[in-house]
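Here come two complexes built around chain A, the first alongside chain B, the second alongside chain C.
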Partner chain A sequence: MAAYLARRVAYAVLTFFGITIVTFTLIHSVPGDPVTFYIGKSGTHGVPPQIVAAIKHEYHLDEPVPKQYLWWLRGIFTLDFGPSVIDHRPAMDRILEVLPNTIALNVIAFALSALLGIPIGLWSASRSGHLFERGSSVIFFLLYSLPSFWVAILLMQFFAVRHQWLPLFGMTSDDYLLMSTAHRIADRIQHMVLPSLALTYAQLAFYARFTKSALTEVIHQDFITTARAKGVSVHAVMWKHALRNALLPLVTLLGLTIPYLLSGSVIIETMFQWDGVGKLYFQSLASRDYPTVLALTVVTAVVTLFASVVSDVLYALADPRVRVEGKR
Partner chain B sequence: MKREESNSWRDVWRRFRRSTIAMIALVYVTFVAIVALFAPMIASSKPLILRTPAGIQFPSAHDLLGTKEGIEQLAQGRVVIGAPVPHSPVVVDFAHRLDAPTPLHHFGTDDVGRDVLARLVHGARVSLTVAILAAAIALIVGSFFGAIAGFYGGWIDWIVSRLIEMVLCFPFLFLVLAIVALFGPSMYTIIIALGATTWTNEARYVRGEIMRIRELEFAHAARASGASDVRIIFRHLLPNALAPALVSTNFAVAAAVLTESSLSFLGLGVPLPAPTWGGMLSLAEMYIDSAWWLVLYPGIAIFATVAAFNVVGDRFREALDPRG
Partner chain C sequence: MRRVLIVTLTLTLAVSCGRETPAPSATSTAIDENLPQDGGTIIRRLQADVATLNPVIPTSRYDRLVMNYIFTPLVGLDVDLKPAPALATKWDISSDGLNYVFHLDPKATFSDNTPVHASDVLFTLKKIVDPATEAAQVASGFDKIDMTRTHVVDDHTIAVGFKEAFAPQLTKFNDVLVMPEHVYSKGDFKTAFNFNAVGSGPYKLVRRVAEKEIVLERREDYWGRKPFLKTIIFKPIIDFITAWNALKRGDIDETEITSDIWALNNSRPELQKTINFTRFYYLSVNTVAWNNRGPILSDKRVRRALAQCIDISSVINNLYHGTARAMNGPFTPDQWAYNPNVPVIQFDPAAAQHALNSIGWLDTDHDGVLDKDHKPLNIELLIFAGNPSSAQFGQLLQSELKKIGVAMTLTEMEPTALLQRILAGNYDSAYLSWDLDPDPDPYGLLHSSQWPPHGQNVVFYKNPEVDTLIDAGRREFNQSKRVDIYRKLHELVAGDQPYTWTLQVSVKWGIAKRVHGVKLSKGWGLFLWYPGEFDWWIPESQRTHDQPAATKAQAQPR
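For the complex of A and B:
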């Protein structure tokens, strides 16, 4: 086990450097830099060279590229990605400020979609091939194909515009500061309903499909046939034998869903004006705020990498076959 | 060997055909593809067939390779057959702003009086071009990396696996948005961004399949008869390892249509004046309560296309592996 762990961590370290190099190269091969952002697209002529030099110095742009990379790499370890070009505050502060909003939204969406999606997947796997299940799987597939931003528009149209039951967008009402505590909580919850519904919708299909395919794989194995042959009921086989074995890949999947969740957040948060990392990322891209873009990209990739190492190790602990096979 | 392979493809087709829903989806996919291919002839302000003193002309057919809508002068003559949708997707008409569906504009008009149906037809062209080319890049790149990783194993496999792991760590939309936003939105950057981020699925499938079949008899036979590595991989192994990757390509096209429309919706899609389904929806967001046709039709167009590709992919997979 120790050998497996060591190998997995060593691989992850190499992948980590790969991630940083890719991100750094991508951002530096792009036309335009913070200097042009400050001074304008018209170019640097007419601007005192000291100012250009000062800006360049602040972002280490006056140094050779490998050295810039090392500066930036050091920043990853100290979580210091430099000041944002928008308001000059540390990029990391801006991210940490909006992170709880994204987490709140995603936790709700995750809980709702897992609670609904996993039983749906279980149900459809247990009836695989039946007429009713085939029909429902088609409906399911159709739902999976709906663009999330369209669903969001329809939700907005129905709940916020036509019936005005819920606020259209934003995180709080305009008169939020004048409200009593109880009203503030109610106001916050009201603003959360539509964006979390829109996110749930997108993830629900994902979990249900994954549960179904993980279960279908298990169901075709011999021990399930044996259990059924012994006379165990379908219900008991599904919940006790199959689900337990399918749960493992399901749990390990969670690490890899982080990037998926954040992708979804970009569109939904931008649409609902929800101050989360997805919206921040989109705005930072639009304003070429490199420090924030780089920080967000690298932090999410590293968190994902970490989560996938943890889940791989957990998997290996639970399923010795993985460790043995990995050795070869 | 040759005969058996063609037989197995015939079996797959036979099983695929049994599913009604799969056939409906396939017909729809073909329909959208034809609409996309012939969009300039289907929705155009120019007639399909024009009789002039100089002889019969096909004015709208000239636009098939690139629309020059509104610039050129039309020859005088009698219209024999007009375009099925007799409107340009780009010409504005303020007299018919935000018209609800009428016999003149069956799907209504947008905020500057452009015909919604004409824009949908031309939007199919943009969406499918982007999606199919992106999926093709993903298939080619993915097959290449998957094939060499699966065939050689060892350090090559190790490097490819790290590469895949790396790409999967990034939030997909973060990378695509970054490439498109930073290099400037155009059809090419979108195609490259999508291809560069989605090849991992195909690579994994091909790698697995090649590993499974590389020790089979026909592979050894090819080697014994003196075939080079390149020949064994691309001539003997890859054609037999492609099926799962082809299934995945169907899903990749569906996903690319969704992503392309999301990008257009966010304002980072194929730039104006090209009509895109996502761009139409982002406009619709402003007329959410007054012009339902702007919300409904582009949404249905995206949904139906994505669903059709997904269903074809799903039933194709079932036809390949009847057990699973």
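For the complex of A and C:
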């Protein structure tokens, strides 16, 4: 097992360096650099050459590209990716500020959609073919295909404009600093409702449909027919035999979702003025903020690789065949 | 013989004297609802959070919106965007235009209760011109400063020397937001002042929470004419629909609105009860940039013929609901440089086709596209991605050009990538929008020395006569002579069509009705000029945003 783990980690490290090279190459091959961003912001007069030189020096743009890569690689190990092009603060500081906001929103949306979507999927699989179930399928399909910005506008219009039940935007109220702890929590929750709903509805539909199809597939397998033939009750067949097997692909799917919890939705975060990763990523790309873009990529890559190593190891623990195969 | 320019404060002082004492509160006697009332809170929208509160390195106009409350410029700009007293109450300019002497208001103090000294101005200027500061937006106005002749004369007088005479120079001092040396000389200059600020403006910073709010409070010890509002809150809201809804709900008091929101809502009676709709023009122009070095577009007759295919009245009425106006050249009607006698190029595809045919562009191979020397008349137009009206403009032009046998391909590009391509000269034409400076000097855009990478003459335009006029305009301090130069320039450049200046789209704004005293400047609209937003007030009976949170001082950078 230890050998398997070591090999898996070694692969992950190699993959990580591959990712760094690809990201670095990609961002540098996009037309425009931080200097272009400064020029674009300075109106009809250009940026004086001595300032262009200073900007290039600050972001190591005056050095050969391989050396720029090494600067950046150094940043990975020291966790200092350099100053942001936008406000000169360390790129990592800004990321650590927004990361919790995105995670909070995503975890809630994820929990809601899994906790509601999976039971709904199971229910509709057990009712497969009924008129009511078919109707709900259509509804879920519709939900899945609705564009999120449009749903966000509708949610805002109904809950925040027509009926002023919920705040329209932001993460906290104006008088947040004066509130008691209990009120602060309540205030944060209020602000989370609309954006998390806007993130949830499509995921929920996705989980419901995924669960339903997984369970439906199992139901049609031979061992279920056998169980039925043995005289096991419909209820027991469903919950004891079918469900356990159907959950396997679902667990894999949930595992793959973990990295997504860190990546924000640009549209939802922008519309609700949520200070998250998606908005930061978008702004950084638009302003060619190399340090922030690269740092964000590293954070996402590390988490994704970590999640994949963990899920591989768990899989290996559960299924000895994986380890045997690895030893070949 | 020194030509002395002295601006006296008499008039402003007369106004301010009457306002030294705040208006009586509501409880005392009946209030005349038409007279400004002291106090109240306004919530303003920022279209993006500020990057920094450091007044030397703003990266966007939003940074400046906030800084304008906290800092005082050395020279203000009045409602006509002409230099006006601010931190400097008067100034002298030598007859050769190389030496400036500024006399600071001796009453001026910073919000930490220290007096403003000439040494603070010198410190600010040094920071601006130091390349390590990377003051990309401000420094270009001080290219020709001579630091060896720039020195403190006494506590309230500073002399600034320049290597070249430059007529627009005085307006550039509007970008010098003076900082106290004893505060800003400590710590890392580029990062230590993102969340705090000490200036000599009428407001002081209470707190800035990134992406949430910036809270400012009026200085009761302010040395100049006190504004009416007690508290200013800025809220960054990126999305225009969210901001519009926030205005309707009363979460914010003012926001820019899109042309579409304007068209749908500005005449709805139920909204007019609470919202004032206003529109005006910035010094911003939409243009088609033609690459003057291109094989086809180097001929000004071709450029003019293409310009005749822009159905400008259709664009104005259909794309902008009639809220835009056609341009006749490089200057807008709100600038003194504008020449009203230059005609707007009329939509006339038949004349365009005739002109192209007469210079040898004929459809010899009968493929529906004009050609010359076996090369088809094929032009690519670059458009900023994510701007629907620009894309529609492109499609309209494309379809008109197709009718006369000109093939136009439209390419939508992400802004920075597009900019990179035009700076490299690797394009035929592009639909751009320029924000112009308060002084009309078009050196950066039209002078042949300003081809990229030296400047922003991205069309690679070169006309020696135009160069001479631009140079003369930069050196001429006599305003009426300057007017003559720029009117001539306007006519000449419009004839050459290096760009086709198409139109100005009016900026639309929704402002809560309770905000009074709102006035417009020609060119800058609602704010940043003086007094601008400092004259706004809210009647005591309509104050909904006054919260203890706003007054509680609490430094909390997130």
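Throughout what follows, the second predicted complex is superposed on the first by the 261 of 328 C-alpha atoms of A that agree within 3 Å, B and C clash if a C-alpha of one lies under 4 Å from a C-alpha of the other, contacts with A are read in each partner's own complex, and residues count from 1 in each chain.
By our rule, contacts are C-beta pairs under 8 Å (C-beta built on N, C-alpha and C of every residue); 3 or more make two chains touch, one makes a residue touch a chain.
Please read these numbers as outputs of a predicted model, since none were measured by experiment.
Chemist: Can A:63 be said to touch chain B (first), chain C (second), both, or neither?
Modeler: Touch status of A:63: no partner.
Chemist: Counting only touches as set out at the top, which of chain B and chain C does A:293 meet: first, second, both, neither?
Modeler: first
Chemist: After superposition on the shared chain, which partner residues are touched by A:162: those of chain B (first), chain C (second), both, or neither?
Modeler: first
Chemist: Would you check which partner chain A:171 touches, where first means chain B only, second means chain C only, and both and neither mean what they say?
Modeler: Touch status of A:171: second partner only.
Chemist: First (chain B), second (chain C), both or neither: which does A:26 touch?
Modeler: A:26 sits against chain B, while chain C stays out of touch.
Chemist: After the superposition on A, what does A:275 contact: first (chain B), second (chain C), both or neither?
Modeler: Only chain C is touched by A:275; chain B is not.
Chemist: For A:87, using the defined touch cut-off, is the partner it touches chain B, chain C, both, or neither? Pick first, second, both or neither.
Modeler: Second partner only, chain C.
Chemist: Considering only touches as defined above, state whether A:153 meets chain B (first), chain C (second), both or neither.
Modeler: Both chain B and chain C are touched by A:153.
Chemist: Quick one: classify A:51 as touching chain B (first), chain C (second), both or neither.
Modeler: second
Chemist: Touching chain B in one complex and chain C in the other: list those residues of chain A.
Modeler: In chain A, positions 30-32, 153, 156-157, 161, 270-271, 286, 288 sit in both the chain B and chain C interfaces.
Chemist: Along chain C, where are the residues that touch chain A in the complex?
Modeler: By the definition above, chain C touches chain A via 51-52, 57, 59-60, 131-132, 134-137, 139-141, 143, 190-191, 194, 210-213, 233, 235-239, 241-242, 245-246, 248-249, 251, 414-417, 419-421, 423, 434-437, 442-445, 450, 452-456, 545, 547-550, 552, 554, 556, 558.
Chemist: For the complex, which residues does chain A have touching chain C?
Modeler: 30-32, 36-55, 58, 83, 86-89, 97, 153, 156-157, 160-161, 164, 168-172, 174-178, 270-273, 275, 279, 286-288
Chemist: Which residues of chain A touch chain B in their complex?
Modeler: 11, 14-15, 18-19, 22, 26-27, 30-32, 138, 141-142, 144-150, 153-154, 156-157, 161-162, 216-217, 220, 256, 258-260, 262-264, 266-267, 270-271, 281-282, 285-286, 288, 293, 296-297, 300-302, 304-305, 308
Chemist: Give the list of chain B residues in touch with chain A in this complex.
Modeler: Of all residues in chain B, those touching chain A are 21, 162-163, 165-166, 168-175, 177-179, 181-183, 254, 258, 261-262, 265-266, 278, 281, 284-285, 288-289, 295, 299, 302-303, 306-307, 310-311, 314, 323-324.
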